[in-house]
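The letters A, B, C and D name the chains in turn, as written, and every chain counts its residues from 1.
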Amino acid sequence: MSSGQRRVDVEVESKRPDETPDGKGHPNTCPGCGSHYRDDELKQALRVCPQCGHHFRVGARERIEQLVDTGSFVENDADLRSADPLQFFDLRPYAERLVEAEMETGLGDAIVCGAGDIEGRTCDLAIMDFGFMGGSMGSVVGEKFVRSCERAAESGGTLVSVSASGGARMQEGILALMQLPKTICAIEDLHESRGSMISVLTHPTTGGVLASFASLGDVVLAEPGALMSFAGPRVVSQTTREKLPDDFGRAESNYRYGHLDAIVPRSELRATVAQLLGLFEHP
Amino acid sequence: MPNEAEMRLRERLSKLGGMKLLRGTKLSGELARLQDQLDQLRADPTAEEIWQSVELARHVDRPYTLDYVERIFDDFFELHGDRGRADDSALVTGLGKLDGRTFVLIGHQKGRDIKERATRNFGMAYPEGYRKAMRAMSLAGRHGFPVVTMVDTPGAYPGVAAEQHGQGGAIARSQAAMVRLPVPTVACVIGEGGSGGAVAIAVADRVLMQENAIYSVISPEGCAAILWRDAGQARKAAAAFKPDAAHCLELGVVDGIVAEPEGGAHTDVDAAAQLLEQGILAAFEEIDDLDDDDRRRLRREKYRMMGVLASTA
Amino acid sequence: MPNEAEMRLRERLSKLGGMKLLRGTKLSGELARLQDQLDQLRADPTAEEIWQSVELARHVDRPYTLDYVERIFDDFFELHGDRGRADDSALVTGLGKLDGRTFVLIGHQKGRDIKERATRNFGMAYPEGYRKAMRAMSLAGRHGFPVVTMVDTPGAYPGVAAEQHGQGGAIARSQAAMVRLPVPTVACVIGEGGSGGAVAIAVADRVLMQENAIYSVISPEGCAAILWRDAGQARKAAAAFKPDAAHCLELGVVDGIVAEPEGGAHTDVDAAAQLLEQGILAAFEEIDDLDDDDRRRLRREKYRMMGVLASTA
Amino acid sequence: MSSGQRRVDVEVESKRPDETPDGKGHPNTCPGCGSHYRDDELKQALRVCPQCGHHFRVGARERIEQLVDTGSFVENDADLRSADPLQFFDLRPYAERLVEAEMETGLGDAIVCGAGDIEGRTCDLAIMDFGFMGGSMGSVVGEKFVRSCERAAESGGTLVSVSASGGARMQEGILALMQLPKTICAIEDLHESRGSMISVLTHPTTGGVLASFASLGDVVLAEPGALMSFAGPRVVSQTTREKLPDDFGRAESNYRYGHLDAIVPRSELRATVAQLLGLFEHP
């Protein structure tokens, strides 16, 4: 292979929210065992397949319901919206994609931030939503994450981050890449204020989000089966023509290679996070 | 868009003008420099000019990190190995003297011939490379050596082993190490500034970019493949996400542009090195006299401001 | 030699008595404790008693780190992985509460049954284990969590891969990390304190040793194989290099001995854990109130004094 | 294998100074190519085989001659001697071994420390000698190393350490092990005084010396072919019954695995160290 011919892409293609992970089938049909569920059944089961344990994706609002004591969540910065600094236009204008994503998800961008209690312990939360343009991180995701860090830093408290992202948002160009150091600076400041961060990686957490804040929790947890890789499987197999291991980039593989503190099934996530909040409480 | 570019530069100028001056800062120099850049700002680069930058940034004869190192630093001594797994030669680290001071140098390194390209993995580092970089950073911090980085990579290597070794975490931690560094730091994008693999060593007090370098969140081909579903649309993609130096300066992502010889850095490597050396020295002059804590705080404040929002409630 | 043992203890007592007291130190408590140990000091352990310690320290039913952890700490949460290569289960790290405070725990972990012994590699860590330990230490330093270590290993694993992964450097760096830690640290030798693999996590403000633990530069068998050219002379070797707690205390290598239930820790694990918990809390009480910089300085001064010279010009 | 049966030794057997590395043959016969040299020939060639480049061992005094500007070396702490805190007795008393080692080598212990100039640049030096009880580290080696660090720290200068050691000295028991943290504390203090350390590993540097100061240089160099392993090859093959790679634990293997900054042939060592002294000079 000659130089200059070898190009690298690290962003995972963003998926429309109505697509399943492999792009086919109904979203409530389990890709693990083929069982089909009504939406309310699945929601009741925390969107974990009662048959085989497959963890379906969870949107930000529903994730907050699962994690936080009922009624305790107060959202912050809900009014922040992406600008279009590059007037980016591919097959459709970025501005149009943003409006559509907001209409489909009811979210202002790919992250919901705020404060809430988990088993009675107050914390800040930064919860990503893959449904909004593949959970891609642009200026708004970066800014909202940073503000969450700053709020946690004020009280020396803990930020709980739940990531789900295909990586940096191409439509914001180099400014999207700058959200990596921007969020990292905020975590450094948080740590210098004796605050802490618990990072929960959910399917998928790839590209620029894995290569920034998601990897820098004091404790890093993942849901079973979550893909967490810097480069997505498709890019790796296309670039290297390597045969990928079955569990390539999955939480289980990452745990084995020393990149995770624990894999936590969704049913135990709330209790685990609460336990950690207690451990990181400063007297 | 030329007017908008101008507006942004003016906005940065006015922001800087209104800042409280720290004891010892040279912000007045900074103002003069920005004014200068503003005055020289040509019309916004066209799609054609952007693509020319992409081609020059990837030119097979373009000078690489070690070409500059041998011309800029005296007594350069390369530091090898990450002390855990390997020595990744896609990323070089070392000590060298410039102007009588010892610097730590960290840079991606592409290969010149076929064999070296393979050895250096086309400048695409494994996590081992970023861990070696962190080791060099911690040596710099321990001894108060300022850090120069040279960024020139298509991206961090996207391979099975690289993922198993923790590519994402290594890139995140390398940035965090740069955020923490107590010493003055200058990053220079000298070729391809490809995504996470580039920013891993580009978080600095001053980020310079050579005139024909590119700095981007994804490669033009990658972007085209995803958004246009056709890698052949790379030119269109590049024109859309604007990885050229002028746009990076305009967006506040880099702090200065380093001129290249007419026709690109490869037409006269000695001259390109001289210009780069001048740029590096000028950048350090702006930050050397700052108190370590102030400098680190300003570094973070700079990144704090990156991004553009529609509503800034 | 009983008289000499007594002499050494008396010497340490007089040294301590003559030290300038730092604001907030509890050296008077320290004096009382040493006096107490001196009073209780039995005659110097015989070769037979030393060998009994070796056997008890290695007893198959002896409680291991996690047996103590579950009895001493509340809300224990294990932290896994070195963020570079693997999760080495021969060494465990985690967070837990004791007396309302959060501690970082780092300890070797042997296996109880055949399968677990294999998984935990008989408590012999790879460099990955020590790198995980360093990660836990840096978390402790960042958050001000005091550190407890539990030492129980035949030694660091002597294998080809372990050497390739940098066993020597990892052990050195783990000690250096403990030397630097700004937080209070207590190490407990709870079984076999085998050489470099042990001291890698045993550099602390206070080092405790259970009554029947051993702490040594080499295993009795290894020493016998080299010096007697016969591994069967292990008893002789142990009698010669004296790895028992009384001798380690006498030589100033450990700061206190933690009693075990009659017959050894395995005869009553709950009671052993209670005694260990008391020992740990008492040790922290001596160092908690010190200023971080003072504590770190005193830690280094302690190790500065280790060793015996014939001529001290 | 059942628990309690698996014992680990990390110290390499010490060799008598009149033995070659493999315990047979004349010390001036090259184990690489079989060439035989007169002692003055070999000394003239820096004890590197002119035929095949094999690096013979070099004693501390001769090493100092090779490295330091003629006449500039001033020795420190030459009068320190080991005590016998354990009254250690194996087949022979430790006290007797010490006297014999001193008579054979003319050295007070396995390290020679002092200050000197290298190409005009002043530095502190701590040079080990394998001929003295296998370069084993007991209280005297630790103390002399620490004092060298302290002298370098006073001036914010550089300590050049050249190691050659089978590990900690068993005859001093646990006190020998304590020289690991003791020397490491000194390096930490040196670094806090803005001093630096250049560590040169020569054949062999194993056990407690590799697991302490020798690994902690700001720059770590090794001579070609030097064995540098925590556990010696014999222990590894006996304990694990693994087949060892040909270059097990050698400098070349360690360089490949990222543990060395450079392998420096003896003929270039003086110039390389001088270059590094210049780089670490504080203005």
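Just so it is clear, a residue touches a chain if its C-beta (ideal position, glycine included) is under 8 Å from a C-beta of that chain, and two chains touch if they have at least 3 such contacts.
These numbers come from a predicted model, not from an experiment.
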By CA centroid distance, what chain is farthest from subunit C?
B
Contact-richer chain pair [A-C vs A-B]
A-B
Cα-centroid distance, subunit A relative to subunit C, in whole angstrom
41
Please work out the Cα centroid separation of subunit A and subunit B, and write it as a whole number of Å.
27
Taking each chain's centre as the mean position of its Cα atoms, how many Å separate subunit B from subunit C?
47
Rounded to the nearest Å, the gap separating the Cα centres of subunit A and subunit D is 51
Could you list the positions in subunit D whose residues touch two or more of the other chains?
257-259
Out of subunit B, which residues touch more than one other chain, so two or more?
83-85, 165-166, 169, 173
So in the complex, the part of subunit C that touches subunit D is made up of which residues?
1, 58-60, 110-111, 114, 117, 122, 124, 154-160, 162-169, 171-173, 175-176, 178-180, 194-200, 203, 215-219, 221-223, 225-228, 236-237, 240-243, 247-248, 251, 253, 299-300, 303-304, 306-313
Subunit C to subunit A touching residues, read off their complex:
75, 77-87, 95-97, 100-102, 128, 132, 139, 142-144
Which of the residues in subunit C come into contact with subunit B in the complex?
83-85, 127, 131, 165-166, 169, 173
Enumerate the contact residues on subunit D facing subunit B in the complex.
191, 194, 196, 218-219, 255-262, 272, 275-276, 278-283
Complex interface listing, subunit D residues touching subunit C
2-4, 6-11, 13, 77, 79-83, 85-91, 138-140, 142-143, 146, 168-182, 184-189, 206-208, 210-216, 228-231, 235-236, 239-240, 242, 244-245, 248-249, 253, 257-259
